[in-house]
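Can you read through this structure? Questions will come right after.
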Amino acid sequence: MSADKRQTMIEFRDIQKYYGDYHALRGINGTIRAGEFFSLLGPSGCGKTTLLRTIAGFEGIDSGAVLIDGKDMSSVPANMRPTNMVFQSYAIFPHMSVAENVAFGLRRDPRSKAEKAAAVEEALGMVGLKGYGGRAAHALSGGQRQRVALARALILKPKVLLLDEPLSALDKKMREHMQVELIKLQRQVGITFILVTHDQEEALVMSDRIAVMFEGQIAQLADPETLYRRPNSRKVADFIGTMNFIPCEILSENAGGYEVDIKGLGRVTLSADQVASDENSGTPAVGLRPEALTLLFPGQTSDERKVPGKIDEVIYFGDMTSYDVFIGGTDIEVRLSMRNVPGRPVMDVGTGVELSWSPSALVLFR
Amino acid sequence: MTKAPGLKTYAILYLAFLYGPILVLPLFAFNDKAVVSFPLSGFTTKWFGEMWADPNLWKALKNSLIISLSVATLSTVLGLFAARSSVRYQWPFKAPVMGFIMLPLVLPEMIIAMSLLIVLMALGIPLSIFTVILGHLLICTPFSVALMTSAFQSLDRSLEEAALDLGETPASTFRLIILPLVMPGILSSFLITFTISIDEFIVANFLGSGQPILSVYIFGQFRFPAKVPSMLALGTILVGLSICLLAIAEYFRRRGIARIGGKDSGGFL
Amino acid sequence: MQTKSSEARTGWLLIAPPAVVTFLLLAAPLVTVLVYSVLTGSRGAVSLPVTGENYYNIFRTAGGNILEKLGDGSVWDMLKMRNWAGIADIFSSAPFLLVIGRAIFVAVMVTLVTVLLAYPIAYFVSFHVQSSKKSLWLFLITIPFWTSYIIRVALWRTILGYDGIVDSSLMGLGIMDTQLNVLQYGVTSIIITLSHAYAPFAVLPIFVSLEKVDRSLLEAGQDLGESKWRTFLRVTLPLSMPGVIAAVLIVFIPTAGDYVTPELIGAGKVPMVSNFVETQLLKSRNFAMGSALAATAMIVVALISVAFLLLNRRFIGGRK
């Protein structure tokens, strides 16, 4: 079942799309591989849903092309495309039972009634709704509707499953539960999943690769770790997780790497892979994730580089505590988070502390 | 909800004002005095018998049914087209075109009837049941458009996309998804336009060339004091039928909303 | 695949049947009326040349044309002398102006009565009825509207007429000893009848706009120390004005053009403009004059409606 992950399933070729004067998609390029869990991530209005709908065939494009499994889809209407969609509102047909909903796409299928019924039961079993076939669609809960929508799409064994913010209507607990279920389901069926979401955490948890979109363009297309550790622009870094930006001065360049003087932290040499490719980030700064900074508690030592600081704000989360700390001798504040292990105190506001940090965790934005 | 005894009393008085005259219908339809005045003198069903025996009533009823059934069908079809177009598609000059289609709602019926009459006479088209149908079509279409628009608006667009996505063509999507879901709107549009058409007098009177049509027949009969009680009997039956039709229309409208999980947001208008 | 132009094409294709039907049945006739109204009329026909005579004739009185009297200053003189009776005489001897004026007067009175009576009931249903019962109330209020208009109007004749229900009850109860016969005061009974007939029309739009009033605004108003009455005047009433405006137009326009009530209730003795249009078109067969009268009525009603809308826009705009 599992497809060759190096094979290309979807290819975007310079897609341009306008809504009247509004330039919704501005030259989208990229590929989505067969069998991967792919996410389109971005703030609302960035074009991610529009891009998903151009794959499904609900939106035309003004120029460029969408290729699915090597075939240009320009003249293929939505009902003939090898894709199926789970809608944000789930779009469960309210006048049909659960089984009728799931069997809807099989109407033109030549199989016998009994075989179709078995397929419906199998699909319902796959999403954990065995035995729900006879229920009326409008009597289902939000989570159940979503499962029906999944079963209805998957029963057709599409090459690509499109998911338009499928978890946004669920409460936090249900959402986390469904994230895990979706990952398992995707591994089980091996179909390419494309998820649209504005929730960076959700995208990081679920995806093999993510395209981060801003203003109708893909800002970065990479796997979650690269996106998190090596964002290619200040904007991406800011959108994904929390990032401390500390101004710096570029002293010299050497084979793609740089020597910089960071305000409050001192001189550091950064290798070429620590430099964000986007050269238009404004004034130079280095980015440092909160977990790349460690607060040294009384009696603790570290081999990493150290800098004094003063605690300005403490936010207690239970399993961890978040501190805002002024770096010694500057007005620069960094945020860091520490796990609350037994015996470790929660520090007070105003306490003078020592932070340790590692130059290898830095990213340079030019 | 706060208590407002004054307002509630007023509301009940208001309903009494609305219904008082209508209650006169059954009261005097069963009263065995030829003059409509108090005190009541005794129970009778003879007015119903008299009304029933008039052959002109049956001619008028037949004509009215032909007119109203045609008008209800045609205006509902036109309403369906207009509502689908305005809710689902974007096109230039939508607001003025839709406003124009709704215009007969705010024109006095007399103006509609007279201007149609002038054109028909200018073109030399003889007046008939058909010309009444044309006039009623103009009056009823805006009601259909309004009702069908609310039916289409409560339809989630992604349902349609989901059906396309699952392999159906636009035509089969319309048949399998859209039509069943707006069917309650279609039924209530049919019933309401039927009711409007069968009650309508001015167009029926001026464009009907003296053909017996129910409302024209009733209007004529009321001129003769002796006929008033039997007209009250007919009125009693018509009011009963109207209420039945409306209750059915309202039932379908609400079922339509409940079916697609919407929220009830108003009445007929 | 939906591109913009194909979407517009589908939209146009779908709107074409209703738009064409409305165009043929409404726009073409209205244009014909306007054209006829400026042609020369003879019995049963119209012909060139184009003339303003029909509109001029609307100002005709028993003794000359009002426009002439305005021209020679005799009306102005009467105004200066405060000879109101004289002016009233002139207008009441102008048959066309009289019926237009009567139609407007009746429509204004009916609108006033229906809207004033309807507002409290709409307010009651919107603010003091449980939401589960609102539909039922609206249903109860709308039912009378859907029962035959002719029958409802004719009923008022039997109620208000000589020895009718009102008179026979009052006399039977010993409250009155002579026939009141409200019917003989033509305009009064027309106003009563039309107010009853159009009552539900006024309730619905006001109700809809009251439903849209954000309840937390009212709580905010009272939280800030406003009395209930002042909150109503400063928040609820202005916010419900769009509904009141809709109600006014929905009642005013058709009542100004009403034909049935003057026939049935006024027995043809107090005709309104629609009855005169009929007389001109069908009895005198003067198509040009009938068209001019219909067009004038339409224009007057439209002008009053637009003036009312503008007045309200200023009123509401001023309050913001």
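Structure notes:
Labels for the chains are A, B and C, by order of writing; each one numbers its residues from 1.
The definition used in the following text is that a residue touches a chain if its C-beta (ideal position, glycine included) is under 8 Å from a C-beta of that chain, and two chains touch if they have at least 3 such contacts.
Please read all numbers here as calculations on a predicted model, not as lab measurements.
Among the other chains, the CA centroid farthest from that of chain C is the one of A. Here the chain at the heart of the shown protein, by mean C-alpha position, is B.
Here the spacing of chain A and chain B, counted between their Cα centres, is 55 Å. Taking each chain's centre as the average of its CA atoms, chain A and chain C sit 61 Å apart. Computed from the mean C-alpha positions, the centre of chain B lies at a distance of 21 Å from the centre of chain C.
Looking at chain C, one finds that residues 4 touch two or more other chains. Along chain A, residues 57-58, 77-78 each make contact with two or more other chains.
Across the complex, chain B is touched by residues 56-58, 77-80, 83-85, 87-89, 91, 93-95, 104-105, 107-108, 138, 152-153, 156 of chain A.
Listed in rising order, the residues of chain C touching chain B in the complex are 4, 7-8, 10-19, 21-23, 25-30, 32-33, 36, 117, 120-121, 123-125, 127-130, 135, 137-144, 146-152, 154-159, 163-165, 167-169, 172, 196, 199-200, 204-205, 208, 211, 249-250, 253-254, 256-260, 264, 274, 277-278, 281-282, 287, 290-291, 294, 297-298, 301. Per the touch definition, chain B reaches chain C in the complex via residues 1-4, 7-8, 10-11, 14-15, 17-19, 21-22, 24-25, 28, 35-39, 77-79, 81-82, 84-86, 88-92, 94, 97, 100-101, 103-104, 106-112, 114-119, 121-122, 134-135, 137-138, 141, 145, 192, 195, 199-202, 206, 215, 218-219, 222, 228, 231-232, 235, 238-239, 242-243, 246, 250, 254, 264, 266-269.
Chain B makes touch with chain A in their complex at residues 156, 158-159, 161-169, 177, 180-181, 259-261.
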